[in-house]
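First chain A sits with chain B, and in the next complex the same chain sits with chain C.
Moving on to the complex of A and B:
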């Protein structure tokens, strides 16, 4: 007996490709080209954090001790779990188990939303502790350490940019889930799930680098 | 489980085995870094933390993003991207780490 909600699996050939295999490979390569530009963007931010740590060790360590280490660690667990559900969606899409795939995609979006909620709580706690040096009308808690402003500002730039990517990812995932729940989707567009999965795993990968660089190494 | 027959469950586990093991490995490695970050057991602990983070990145790349199953062109492409980042980090940090105090 096959699983409930099983569909035919395939990719509809676009006119400008010779074969479906060529179309699949071109899509994967194109996604990787974009992901690598994103990697260079985040790498520049992370490298600047490390240079700051070398130039101003005391200020950066003091600022890093004020970051919410345990929320950062919990959020890493949340994203690892979301990567597992995304892998589940990809595997089920290959099997044509549409209903299970849609559930996995919704679970992935829910975990991404949980990450953003925790991040929002963390930002709120930082605001309450006067750890937002870019707000001109509020005193800054580490005013005695001017270099800490650079680190804290970079922390917001890196995590804010990551959160923006995650927010965009959740929005695209929800649209894709809606499309993927329609009959016949997997027969024509199965590889969209795989291509999107690359993006989601990449968001996870960036956070896996951000957590040690921002929260762990500088303590 | 979820209305699946025995064959389907076996097939599902066969497909999900690698992602589940990868997640378990990532959680284990994260646990190591969290423990090291919380306790700071020795002076050069940052080297271990970077090694653990690198291992986590490799697990995501090779297993979750399935680079190991991709054709050689994609593997080369992904590898070169991270290689460029490694050059960026190495050349910049060599400069700062070797400057006189």
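Moving on to the complex of A and C:
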């Protein structure tokens, strides 16, 4: 009963649920519970960074001045844009506009990849500037400030963990896009797009916390 | 011949003269399929519970054998039985295996997995594949930990304190850390599944205040799984990075702080105590009304006490650091908050006792374990208050007093609850009854063996014997021998159930659907339950624990 050019939208009932409504609620709650766990994971890391900033303000400030603020800022914009395209995909999935939805998902994956590329470029620049203190056999630029070493290492831990999440997210998104481009997907699994959207927005949100904690706060 | 379970296919290699095996009842979850594949790739919550039960029993044996070796070493005061290194590795393996591979998954991953869907009237957990994945994640973590043991062991103690674990230990710390980190994810997945299932999968009419307390305590436990486990994941990842790359986070030379690890560690590991204790409290709350034939006293208080414990426990981690240079103000706050834990704990104990009061008691095996639990939990809990007192803590910190205290909670509490629950639901799990007299004998042996093992340790600790040393002043030898002797009684008490329970699987009497005349939806289905739990739509009881004897509170309620 769908309008021309759109496909039917719905969720196919899995055997162990009583109703589709119950199944949808379970899936959404499951993702929120997972994100809660993830939030606590990153919270511990950010807390460690902030404690360090209290203990050694000068060293942390000096180290933070060497971070590539503008790459970080550009990446923030890139990720916010990717959340916009992801929201577009969710809206279009609700309307049953499968082609538009798939395009939005591809755009989201592309923006995510752009973020990783920029991040990689940033890591490369850091390497050139001898800002990789965890590499034991490479001289370190800020050797006179021992606590700066820890801040830079934590910067790698936090951004690395975030990048890992983003990388996993892009991989899942591509698989999902492939599934979602098949006919009949929206009639059976529309809620997967919504659930996945929650995860994507969450990765975005983590960066929006990481960027001020690492780059902005210490300038 | 009702409900014949033959497949009906002609097998080429079969003699057609021999009739197919038949089942004289409805096919249950154990008999639905027989292949190895149907076990290792099952998504049935009941089969996954059995997989967990088999795995954690294996880990319990490893943990128990290392405990036995530790007790053996402590029979003589001069530390001649093992080298110092071996002794350090033994108590580390004991702690790591018992905490992370037995106690934490013990009740939730087995009984919780099996019973929560049955108790709330659901066909399965919300995410059956995730449930299976959690078992594989668990086994992967276990693999790494066992690898570290096989390669030569770890000597840091189960707490992995820095700087010993980062700068000084020359043992296989990293594989052990990876194992514990990975196992955390299996807890997270189990907790996530429970939270979603309890929120969304309850049968029509099964409101929150009709849920068994077992479900409430598992809900509280799952919240801890979700909120605390990621923090230790992070702490252990930082520890791995520290050991592998010297990132400096726990090293003062680089501006880090070794005590920061303790904060992150105990932010999880104190709540983890309630991961171990709360499910046990759920088990006791099921057993006590069933064997007192009486409605659970103060249902809502017991339910709220579970949530209360799960909440307060997030704010007491600092009581592990009273002597580690924490500020006096922080210590004072943590001390007061630790005292607050006693309130919901006492609510539970008083309500169980009030349920027993004027009940019609049947002292069957599960009830013996439950009563043992209540007594030992009170002792363990009260000595917790001693330890939360700042002045006394200075005296007994890191002595055997602490060891005795947490074994009263972990063994006297959790292990007794586990065994009580195992006997209570064994007919449901397997469809067989065990021999009751053997059950009672081993319950007594465990209670006596436990007390002989651990009560002397309170005295040893109070007299000043530090934990984690195998060389000690000769005047402590008598109490140490007493403790080691007790552990042999305890061992016999553990071996008995392993024998008669396994025996009952093949030779036990067939169990009826409800052998204890207990309330709760899990007793309305056959023993063992059918593959999809409920053949007819489950009907939620209007009153939970609707046993014949009612407490006066309900009578007042009617007036």
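The rule is simple: the second predicted complex is superposed on the first by the 214 of 219 C-alpha atoms of A that agree within 3 Å, B and C clash if a C-alpha of one lies under 4 Å from a C-alpha of the other, contacts with A are read in each partner's own complex, and residues count from 1 in each chain.
The working rule: a contact is a pair of C-beta atoms (placed from the backbone, for glycine too) under 8 Å apart; a residue touches a chain by one contact, two chains touch by 3 or more.
Being a predicted model, the structure only gives us computed values, none of them experimental.
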Clash-or-fit label for the pair chain B, chain C on chain A: fit
A:100 touches, of chain B and chain C: first, second, both or neither? first
Partner chain(s) touched by A:150 [first = chain B, second = chain C, both, neither]: second
Touching partner for A:136 - first (chain B), second (chain C), both, neither: second
Partner chain in contact with A:33 - chain B first, chain C second, else both or neither: both
Which superposed partner A:52 touches (first chain B, second chain C, both, neither): second
First (chain B), second (chain C), both or neither touched by A:188: neither
Contacts of A:25 with chain B and chain C, given as first, second, both or neither: both
Which of chain B and chain C A:219 touches, first, second, both or neither: first
First, second, both or neither for A:9, with chain B first and chain C second: neither
Dominant contact partner of chain A by residue count, chain C or chain B: B
Smallest distance from any CA atom of chain C to any CA atom of chain B, in Å, after fitting: 7
On chain A, the residue positions that both chain B and chain C contact, one per complex: 25, 29, 33, 36, 39-40, 43-44, 51, 55
Touch list for chain A against partner chain B, complex: 1-4, 25, 28-29, 32-33, 35-36, 39-40, 43-44, 47, 50-51, 54-55, 69, 73, 76-77, 80-81, 83-84, 87-88, 91, 94-95, 100, 198, 201-202, 204-205, 208-209, 211-213, 215-217, 219
For the chain C and chain A complex, residues of the former touching the latter: 122-124, 126-128, 130, 188, 191-193, 195-197, 199-201, 226-231, 233-235, 237-238, 241, 245-249, 251, 253-257, 260, 264, 267, 532
Chain A partner contacts - residues on chain B that touch it in the complex: 2-5, 7-8, 11-12, 15-16, 19-20, 22-23, 26-27, 30, 33-34, 36-38, 40, 46, 49-50, 52-53, 56-57, 60-61, 64-65, 70-71, 73-74, 77-78, 81-82, 84-85, 88-89, 92-93, 96-97
Interfacial residue positions of chain A with respect to chain C in the complex: 15-17, 22, 25-26, 29-30, 33-34, 36-41, 43-45, 48, 51-52, 55-56, 59, 133-134, 136, 146-151, 153-154, 157
